[in-house]
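Read the structure below first, then the notes.
Order of writing sets the chain letters: A, B and C. Residues in each chain are counted from 1.
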Amino acid sequence: MEIKEFKVKWGMAIDLDKCTGCGACMVACQAENNLAPIADASNKIKVMNWLVVYELSNKKPFPEHDVAYLPRPCQQCGHPPCVSVCPVVATDKNEEGGIVSQIYPRCIGCRYCMAACPYHARYFNWLDPVWPEGMEKALTPDVSVRPRGVVEKCSFCHHRFMKAKDKAIAEGRDPEALADGDYVTSCAEACPNGAIVFGDLNNPDHQVYHLSRSKYASRLLERLHANTQVYYLSRREWVRRQLDNYLDNEKVKG
Amino acid sequence: MEKNYSLPADHDLFPDGAKRCSLMQFMAWMGIVGVVAAWGLYAAYKVLSTGLGVTALDDYFGFGLWITFDLAVIALGAGAFFTGLLRYILNIDPLKNIINLTVIVGFICYSGAMLILVLDVGQPVRAWFGYWHANVHSMLTEVIFCITCYLIVLIIEFIPLVFEQKQLDRIPVLHHIAHNLHVMMPLFAGVGAFLSTFHQGSLGGMYGVLFARPYVFRDGFFVWPWTFFLFVISAVGSGPVFTVLIATIMEKMTGRKLVSWEIKSLMGKIAGSMLFVYLIFKFLDTYGWIEHILPHAGLTFDQNFYGNIYGQWLLWAELGVCGVLPCIILLTPSLRNNPALFYSAALLDCIGITINRYVFTVQALAMPVMPFDSWETYAPNWAEWGSSALIIAYGAIVLSLSYRYLPVFPQEKKLNATKA
Amino acid sequence: MAVDRRGFLKFVAGVSAGVMVTPIPWKLLDDASIWTQNWPWIPSNVDGASTYVSTVSKLCPSCVGMKVRLVGDRPVRVLPDDNHPLSKGGISSLAVAEAQMLHSPARVKRPLKRAADGAYVAISWEEADALLAEKLAAAKGSLACVSGDETGSINDVLSAMTGKAGSSNFYLMPSEAQPAAKAVAAMGGEGQLGYDIENSDYVLAIGANILESWGTVIRNRAAFKATRPHGEEPAATFVFAGPVQNNTAAGADQWVPIKAGTEGAFALGIAHLLIKAGATADAADFSAFARLAGTFTPAKVAELTGVNEDQLKDVAKALLKARRPLVITGSEFGQGTGAASVLAGVAVNMLLGGLNRKGGLKLLPVAGPVVDGAMTRAEMLGKDFVAYMSRINAGKDKAPAAMVFYEANPAYALPQAAKMAEVLAKVPFKATFTTFLDETAMLCDLVLPVPMGLERLDDVATPYGSGQALYCLARPVAPMPAHVKPAGDYIIALAGKLGMDLGVGTWEEVLQAKARAMGADWDSLMDGNVHVSSSTVNAQPAFGAGMLQKGIATKAAEGDYAIAPVHKLNVGTAKTAIPPYNNKTIRRWELQGKELYVAMNGATARKLGVMKHDKIVVSNKSGSISARVNIFEGVMNDTVAVLMGLGHTAFDQFSKGKGENVMQLLTVGFESGTGLSVWNMAGATISKA
């Protein structure tokens, strides 16, 4: 399997033992990326959300029960199932940093990429976005508003990456060697528990470099070889076991 | 010319020597079909004006009834290219008696599929980006290329038949065009067979390459996953009998013999043989999937099924009742020549292929891949049913008009002469 | 020149071919990607220069500090503020949507008056002023005032106005601060309880939802974050005791299931074990307390609270082993608890030597009132609005002639909400200062729109739960809508009109006085800095054993099943309802369409004979709600967990009519000893619907 490698590889290390499922990351994401609110959000598989917090259960009855929450942004796969299938190159993994792009004006809305993604990171604009009157004034200028009929997904707040690079250039620093914290996503920034750490997976000066090598770190569905750039950490074995499919006789890593 | 008022008002337009119902009766039939079409048009209007939010599709089921419908009709429309291939390239002459119908059915299936796709893509205005910004690595690009090109081929194959209409044929230029196209037909049949094989395959490939969806993922040969070949063979294993079923329905509705039993039986035998080949590969493929792909993904066989809606019965129905059983009937002369058994087998064959396309489209998406995710279920709503019905109505209209005015069935005159 | 048919066709063909070789058609086609992206009905982004202003949230009960990003003069994002002690780089799920809530459809945009037919009509401020002044003057001291702001100096102004009108009926909406204040009073202490979570290595939260809603929660969570580096063993242990494996339990290292409302008994069970292990405290009534704690044997505590005895002993052992343990008692849903459970929690801290110790419990200084005739904070917290409403209901107190609400929504937020609304109906004239058209506004004769926290100058003084005394300002970062008025100046002017002298001329003077009282520097505050003081009140408090003994009396709840309200900030507060950007965060099996889901464990469901998605009715003498069943094994046996914050009958399309309000089921009782109203122990019967 060919894996796209880059000098800089943005990624996350999410500590599932620290996430308490409050949802601040989800709201921060919506506001940052100009997602439209919706009056009835109960059909969870038809509601636009770049970042979703899943609830994990150890499946034991009370009182042995344990719970964990798992925030799921786009995994920015090194070998993305979604990119090669797009008939019109509306999504690509081609830029230094390794973020899987989504080009809204290019997307024809065939949703093949959504079928390809096992993480359900991709969402379709089933209807035109509607903001309550006046709320469009709170749109950020950074992310264009998407019309109905196109697929979208988490971009690791790509506009923040651009800004950080611009800033580095203006300050005479190397934009390809941003310092840890120069560029963080909106969700990582918002999390009051510091559960999401963001940075360059290839840069030993960045925290995620080391966290991704922790014995407690693994990625979602590793055995499918999508080679994701989001690492999940947990000291709990049952949690790690739910990060991939294991046959009964197989041992979980870590 | 003296008027014969016992004949329908539009009898001058009928093929030579063909008897047709009265114009009133025909209009009544068109009216019924028209009501269905109007409902479908309303659904299509809602989809285009409001957005795909009016359908029951969601972010888990980005593909649903429409894609299943498309894949099924494209598979069943394969009678066109395969019969063309046998008739024009391999020179199996008796097939000339059904070739026109296969072309029309193929045309309906493909143009209908295209119409559905216009609704299904979120940005139909950008649909041509498939050419403009093509990603040559995508199976879907191949599908877009081949389907559009093949539809053009089907139109070219359909044109001579239209021009052979009694009145049109009198116009010299049309007559000559039709004639010349006829001469070139083996070329188009060849091109059609090539394009068709590829996109049938690509449709299967579309699923087989989804390496992060263990339910449909298949390794394969060179760049093609096994599903590439399975989809081609299963299409030719069902398309011919689908044409036969259409012909038979038309016979029942019109009360006239249109295609001789020998031809139908021959089509059945062809389909049966291809179905046999398909089943061998399909069983091997299923075995490989269970023994290889699933364990590699950390999954067990049972994890691929859920409740009744996505239960194992679908697999056994597809492979057994709608696979092995029709195959045996179609390949055993004594059974095949029993019309009741023959038509049942043909129907089961078509159902089996439709189940295959359905589970690859819908069940694959219903199944959770992340261990903490859940099975989701999907049922199409009125907007999807309506627009699918529109396509069926559209097919009925094209077939009815073709039957009434075009010389579709070369055997019709002979077969019905004995009755008179 | 005559053009024949052939010539015309040639011309058309020529033009067509000619156009095709120009870039025009291809360019137009290619532009399809642009114009299919920019339909006129899709809002477009408006660019502008970005600026960032530090302020504090008046909307979120966590009083989280935040940095507001403005583009031009439009606030577009609320971001965490690394420098604010109540943010420390985090933001709450509620405050983070505050910029968007400026444009909430539920906002009141101009003064409204209820007409005779019950409909609301927009009126001018002049008309509103006249009406309010007339009614308040006519009330002649038969006035009550209720504030939903727990930390602001607006309470000085409101209580002063109420007092000068000749009434003592100024109330704060119920919270955890009142029982805590009662507890401090019972101990003979003074100041406000503060919790030094940052410096503790073992935090035992008994009931207190410290990682989701309790106290200054974002700061609590910053402490939680600091003690657990990714993928490493935590430097501090967090333990949560409560009936539901809520968000706090999800983060905690250990969940100790105990029944709702038995926090005090659990704490006394710990105290019992600590004393047995030799713990003592230098307090006058230690022996009385030890006698009381002596009766709370593990077996008895297990029976009362449903706790596993071994788990109880383990926790006690771990507390003894910890260097700087801290025990926090509270209510899972931030209200309704009695003083006794706070006393019991404080007692455990005292036994652990945790009073005014680093990483322990502190007594924080409180600034005095800065407006003439205003109540002290202790006086305000001593007032019990629910008890007052109950007295009116029982006829023991007369309904006031006028009631004024300030950012309070008692019609939704009080226990037995429907009953409370009935009592409110007995008040002839009601006016509310509010941002949103909430349930209470829908009962009022006059609705006066006030700006949101982002649009006004306001303050926050040492919120309950904070580990240190602090003071900061909310500064107006967004332009105020045309027809809203800030309440501070408005009420000062109103008081003047009514002939009261509050001793202040403007709202800003009040805040400056408060800043002085807190020892803060005004200019620094106006720059967005936070005044923090590490001082504590020196005291040698007693255990308050007598009061504790009376209050701790454990009563059995009505019905066979216990109700455990679950509080999550993302669902919003009584004042905000569900913010438009937040309903996506409500979990799938918490709410579907208009239907509420309640959670119970499998054993309880089997006992009831219900399955997931089944419809049930949960009822008691206070009310009843219908819901569907969700199975969640993180709920105690015979307990049903109900999400708070749903069932709004006012606000907008994002909140109205969704689910049911659990407050309907919470029955008010009174704690013996303190007489404090309590509602943390609701029981119910459950039947299939």
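Keep in mind that, in the parts below, a residue touches a chain if its C-beta (ideal position, glycine included) is under 8 Å from a C-beta of that chain, and two chains touch if they have at least 3 such contacts.
Keep in mind it's a predicted model, so treat the numbers as computed, not measured.
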| item | value |
| --- | --- |
| Chain contact graph, described as a line, ring, star, complete graph or other shape | complete |
| Chain whose Cα centroid lies at the greatest distance from that of chain C | B |
| Innermost chain, where centres are averages of C-alpha coordinates | A |
| Length of the line joining the C-alpha centres of chain A and chain B, rounded to whole Å | 40 |
| Inter-centroid spacing, chain C versus chain B (mean Cα positions, whole Å) | 61 |
| Whole-Å separation of chain centres (CA-atom averages), chain A against chain C | 30 |
| Touching two or more other chains - residues of chain C | 33, 36 |
| Multi-chain contact residues (two or more partners), chain B | 123, 126, 129, 132 |
| Contacts with 2+ other chains: residues of chain A | 47, 55, 57, 106, 128, 149 |
| Chain B to chain A touching residues, read off their complex | 50-53, 57-63, 120-123, 126-127, 129-130, 132-135, 137-141, 143-144, 206, 209-214, 295-300, 303, 364-365, 369-373, 376 |
| Of chain A, residues touching chain B in the complex | 1, 43, 45-47, 54-57, 70, 81, 84-90, 106-112, 114-120, 122-128, 148-151, 220-221, 223-226, 241-247, 250 |
| Partner chain C, residues of chain B touching it in the complex | 123, 125-126, 128-129, 132 |
| Interfacial residue positions of chain C with respect to chain A in the complex | 33-34, 36-39, 41-48, 69, 71, 74-80, 89-93, 96-97, 99-100, 102-105, 211-212, 217-218, 221-222, 224-225, 228, 230-231, 233, 245, 247-251, 257, 308, 568-570, 579-588, 591-593, 601-603, 633-637, 652-654 |
| Complex contacts: residues of chain A adjacent to chain C | 13, 15, 17-24, 26-28, 30-32, 34, 37-42, 44, 47-49, 53, 55, 57, 59-63, 65-69, 104-106, 128-129, 131-147, 149, 189-194, 197, 207, 211, 214-217, 233, 235 |
